[in-house]
Each structure stands twice: as structure tokens, then as C-alpha cells.
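The structure appears right after this line, and notes come after that.
Chain lettering (A, B and C) follows the sequence in which the chains are written, and residue indices restart at 1 in each chain.
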Amino acid sequence: MENTGTVTAKNIMIKCNSIFKTFESKDDENEVIRNFNLEIKENEFVVLFGPGQCGKTTVLNIIAGLEQSTKGEVFVNGRKITEPGPDRGMVYQTTALFPWLTVMGNVEFGPKSLGVKKKERRERAQYYIDLVGLKGFEKHYPIKLSGGMQQRVGIARAYCNNPPVILLDEPFGALDAQTRYLMEEELGRICTKEKRTIVFVTNNIEEAIYLADRIVLLTNCPTTIRKEYIIGLPRPRDYTSNDFLTLRKEITSEMDETI
Amino acid sequence: MKRVFTKEKVQMALWGIIGLMSILLIWQISVMVTSLGRIMPEPIEVVKSFLISSIKPVGRYTLLQHMLFSLLRVFVGFSLSGVSGIILGIAMGRSKTINSIASPIFNMVRPIPGVAWIPLAILWFGIGETTKYFIIFMGGFAQVVVNTMSGARKVDKTLVGAARMLGANKRQEFFRIVIPSSVPYIFAGLQISLSTSWMAVLAAEMVSSYKGSGWIIITGMNNGNTVQILVGMISIGVVGLGLANLMRIIERRLCSWRIQGQ
Amino acid sequence: MVNNNTIEEEKITSVQSPEVKVQVRGLTKSFGDLLVLDDVSFDVRKGEFLCIVGPTGCGKTTFLNSLTKLYTIDEGEMLVDGEPMDLKKHDIAYIFQEYSTMSWLRVDENVSFGLRIKGYPEEVIKERVDKVLKMIGLDKYRHYYPKKLSASMLQRVVIARAFAVEPELLLMDEPYGQLDLQLKYKLEDELLRLWEKTGTTVIFITHNIEEAVYLSDRILVLTNKPAKIKEELINDLPRPRDIADPKFVELRNRVTELIKWW
């Protein structure tokens, strides 16, 4: 597979520079990430795909600035990442919605924090609420929404600050298989409409192939890149097309060797 | 909130009334046929006296006024313990240093019940209102602190992270994440604190006062007036029930985001 | 059902036997005005692997809870070997979505739990537990507490516990929902192996169409609420199955078409 070394520095949005991460506890050291290098182009949809629970989420958290690497650095838009910030939207598996805020309150949280005037932030939030298909649910509290709808709120909230980068950490991992297909379709639609650079973590191979421009296959602990796949299938993709299934088997067997 | 009278709710209410009536009936019958009549008045007598003393003064004030005096004391003491308890609780929950300083003292003082402070309070503040406020304060303070503290500690780290990813600064993080997610805990603390405050005011009034529900009971005892004692006790029960319901309504309003279903 | 040439193991021949193990007749359940199950009837043959799939929110959980008698059903009955299902008489095991291991028991104690309740002699328990732990590859972990095990290991414990009682009927509710696809297929293969070895009758309820096609001898497709049986599909693809096999894809697409709401 082609690597991304040929692209010019200008349109590289995310750059991970030999990242290492070791968790230290009282009596042992646990190396989670070893020499992780990755460049992601602007508006590229990259899926970090790999087995188990090991380092995928940690990589994402380091890009988010929620965790610090032991060694190496991350640049987003040419700026070194040291802490969380509104230039990167994040979507969580657990949704991490603020339960005491309504759908509108959650979505406008970002702009409100940044001091955007009420009228403007309401308009912007409304745009994204409509985009994710939640029109009419603005005043609902998260607890009253289904899992799929909660995740829609999470996506709208991440987009509402208008960040160039969106990070998604197994966002559909807790949904049932059918709702999951629906959400994958929806995310595909949103991404075509609102171009962003996306890093998507998953352990579901169907989801990875359905969504990605490029799949980065990771090894198990300590996490590093095993192989990359550029996914050239036309969109919208068909889960049961021959090409899809062939690719799925190829990547799966490659991963099985990893385990 | 819409009120729905389902068949089941009506049934439950009916059972409640039946329960209450049967207790009164048993009381009435026992007084009539056994020697219990020598130490207990008839329930009719008590209810009558309860209604009369609502208009006619007992001592200097009517029963309602006595209840209001007690409530006022509770209101002052409870507000003090609530506000300071929330502040200390959040401080201890969020700052390790403050927690290290405060927790040894706090944990030692905490097991001492509010009423144990009565003698000291009287020596310090005399028998005026300050003493009552102080006792109520000591009775309710610890519960608020303990609950608030655990609420402030249990703030979901993912939510804090999510807020920071959305651009919230430290101040916003505190006011828009830590505080709201502690509210349910704070409320649980306030609820317990309110009921202990109500108990503390009665204890304080029994020791030294010339008004309040506690005073009614104590003078009843001094005069050998069982009816008056029972009237005082019932007034306490009624007010306590009212306060608990009030808190529940406020909680529903404030924490409606936690209630599942339609 | 024919197609005998695809069968390799002798054991499976018994699957083909027409002997009916479970009969569900006219199962109906509603909550208030909401009808959730509408006159569901089907048979399961001895040793058959039956998958039931339906659209999200079709009342899958209600369906299962009615089968397990967790809910009292409005109408209908469930017969095992022609007699009304009786949890005391019939050996029926359940595996639910949540890993319901008992956290205070070690792996082998968890697995032997059901056997102890049924009062098996100690030697039998030991033999059965050893056998099933070996089959599922948990032998090394027999003295671990659940807290120390990964999600997939926990799911294995649950499956081992179910198979330890050598159930006549195994009811499963999407037991692999939260696991990653890789592990899921591994565990599914393990499940198929155990099932083929023991000849247990399985009813497996899921939202995952591919999973149903991968596992089943037969698929019942449910309608949306109120759930009724929409269609019954025989699945005689040879095992081990290949998800990219055109016949597999054809069946999967057919089930998808019957269910698709998204």
C-alpha cells in the first residue's frame, strides 16, 4: 500500500511523530504505544483499526491532548498539542453528554464556552442539530434519548465549534448491529456534507471499511502500525459487495496474524 | 409535571387512608375498653384540641404561630449549615490540601450529635435565638459536607475532558461541570440535613424556650397535659412531612434531567 | 430439511431428526395498551440451533423474558418435550447480554454454581467443571476472580457455566453484542463446537443478521412491534461457513430486506 510520504507538508493536518507511551504503576511498566508515526491529510477519513483494548484509544487521547505521550509529539495544523482544545472535536463511546443539559445545551456548549453570542451560537447549534437529524428534540434531556440519538447529539456537539479535526472513539460500539448500520450511513452522509479531517477508532472491520479513506491497522500491545490500506471503493459502500467482503477477509486475516 | 390519577394511585391512597383510620380506631377502642384511658386521651379529644389551639393561644401564641417560630429557627440554622456545608464540601472534594487540613477535625466533630452541643451552646450564647441556630447548624452541617464532598469527588473525568475539548476554561469547568454534576449529591445531603435540623430545633426548644413546637410538648409534660403533648407531637409530624415533600418537589424540579421515561 | 450430503459429523444427523423439543404456542404479551408480542408460535427440534432476529426495538427482550417466564405472559404456553416448561424439571440455561458472573466467586466456582444448586454429587461437579473448562480454554484461569478477566474471558465463563449443567435447552440473548468482531467470531466458533458436541437445543436471539446466518440451522424473522413471526428461513449452508460465500451473502441480504428499517 502507498504510504503518505508523498504529500506536501502544506496539507498535512495531523502529524504523529514517533510517539511512545508507557504507563507506570508501582511495580510494573506497561508499554502501550511504541514508535507510532502517522501523517493525516486535510479532510482525510482515517480509521485506526486494531484488536483488543490496547493502544488505539490512547493514540486518540494523545492527539486530543487528554493524555500525554511519554516520548514524541503530535502536531495538529502545525501546532504542537499539549492539552485539550476546541480545534479538535471529540466523540466518545460513552457519549459523554452533559446529562443536566438539553440537546441544545449540549450542542451549544462549545461555542458558549468560547464566548460566542447567544443568537449566533443558537443558530449554529440548530444547524448541526438539524444536520444530525434531531430537529424537534432540542429540549430533550439525553437520558430520554435512545443510544443512537445520544450519539447524534455527540456528533453535533463535536462539530459545533467548527473544528478542522474530529476524533471519534468507538462511537457506535455500544449500539446494536442495526442501529449501527444506520449511524454509519449517517456519519458517511455528514462527512460528505461537512468536510473535516477525521480520526475514527474502531474494532469493527465492517465499520472501518464502510467509512474509511484509509485504514491504519494497528498491532496489539504495544501498539504500532502494522499495515495501511487505502480504501478506494466507491461511496456509498455496500457491506455485502464482493470487493467489500474480499477486503474484509484480507484485513481480518492480516489482523489474525497480529494477535 | 402533569398529575395523573391512575387507578393504581387511587387504590394506594385508599389503602393509606384505611391504615390511618384503623390506627385511630384501635386507639379509640383501646382507650375505651382498657386501662390505657388513664394515661392516654381519646383521639377525638386530641384532634379537637389540635383544631382549637390553632386559633386559641397556647401560652402566648397559637399552635400555628408556635409551628412558624420553630420553622423560622430551622430556616435560619438550616440555611447557614447548607451554605457553609456546600462550600466546605466542594472545597474538600476538589482540593487535596483543604481536605487534608479539614478532614481530621471534621471527622472527629462529625459523630457528635447536634443535641450534644446544647450545654456548651447555652454557656456560650445564653438561652437566646443564637443558641438554637447554633444547635440546628451543628445538627445539619456534617451531612451537607459529606454528601457535597462525595459529589464533588465523583465528577466524571470524561465529562471534564469533554468540556475542555470544547474549549471550557478552569472557571467554566467548575461552574458548568463540577457544580451541576454535584447537585444530586448536594440535594441528598440537604434533605438529610433538613430532617436533622427539624429534630435539633425541637431538642433546643425543649431545653430553653418560651415558644415553638418543642416548648408545647415540654409545658404539656410539666402540666401533666397529655393532650397538649400529643398535639405538639402531631404538629411536629405534620411539619416534618410537609418539609420532606417540599424538598422532594424541589429536587424533581432541579434534577429533572435524571428522571427517565416520558 | 434435506441436504444430507453436507453433513460431516455423525452427531449432526440427530439434528435432522423431526423430534420436537420445544413448542411455543400463541405467546402474547402486552404492557398496558401496548401489545408487544402478538400470538407467536413456533417449534424447535431437538438439537436445533434456532436464531430469532427482528428489527431494533421489536420487543426482543420482552420476547425472551416471556420465554424465560421472567414476565407473566397474557396468553399462550411453552412446552418442553410436550409438558409445560418447568424450570425445576427441565434443565434450561440462559446466557444474557450482560456478563452475569458472580464477582465474589472464582471462575470454577462460578461454573459449578448451577450444578451445586441442582444438588449434584461433588465428584460429578468436579468432573463436569474440569471438562467444560478444558473445552472452552479456561483451565488456566480457574482460580481467577472475574475482576481479573477480560470481557471475552468473562463471556466464556458465562458460556461454560451454561454448558456445565448440560442443558436440554439453551436460551441466548445477543451474548456477543459488545465484543469486537474478531473475538466474536472466535467465540461463536467455540459455541458451535460445544453445541455440536453436546447436542443441546439452542434458541439464540440477536439483532445481528450476519451472526444469525453464521450460526443458525433456521432463522425466524420477527416483525416490528407488536412482534409476530414474519418469515421462517431454513439455513442449510455447510459449516464452517464463509461470510463471503455468495450463498451466505444471498441469505444475509434476504434477511436484511425483511428487517431493514434504517
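Just so it is clear, contacts are C-beta pairs under 8 Å (C-beta built on N, C-alpha and C of every residue); 3 or more make two chains touch, one makes a residue touch a chain.
Just so it is clear, the model here is predicted, and its values are computed rather than measured.
Asker: From the centre of chain A, which other chain's Cα mean sits the farthest off?
Answerer: Farthest chain from chain A, going by C-alpha centroids: B.
Asker: So which has more C-beta pairs touching, A-B or A-C?
Answerer: The greater number of contacts lies at A-B.
Asker: State, to the nearest whole Å, the distance from the C-alpha centre of chain B to the C-alpha centre of chain C.
Answerer: About 52 Å separates the centre of chain B from that of chain C.
Asker: Nearest whole angstrom, what separates the Cα centre of chain A from the Cα centre of chain C?
Answerer: 34
Asker: Could you state the distance in Å from the CA-based centre of chain A to that of chain B?
Answerer: Roughly 49 Å, centre to centre.
Asker: Would you pick out the residues of chain B that each touch at least 2 other chains?
Answerer: Touching at least two other chains: none.
Asker: Can you list the chain B residues touching chain A in their complex?
Answerer: The touching residues are 156, 158-159, 161-169, 172, 176-177, 180-181, 183, 255-262.
Asker: Contact residues on chain A for chain C in the complex?
Answerer: For this pair, the touching residues of chain A are 51-53, 173-174, 176-179, 181-182, 185, 203-206, 240, 242, 245-246, 248-249, 252, 255-256, 259.
Asker: So in the complex, which bits of chain A are touching chain B?
Answerer: 64-66, 83-86, 88-90, 92, 94, 96, 98-101, 109-110, 113-114, 141-144, 157, 161
Asker: Would you pull the chain C residues touching chain A in the complex into a rising list?
Answerer: Contacts found on chain C: 55-56, 150, 174, 177-178, 180-182, 206-211, 243-244, 249, 252-253, 259, 261-262.
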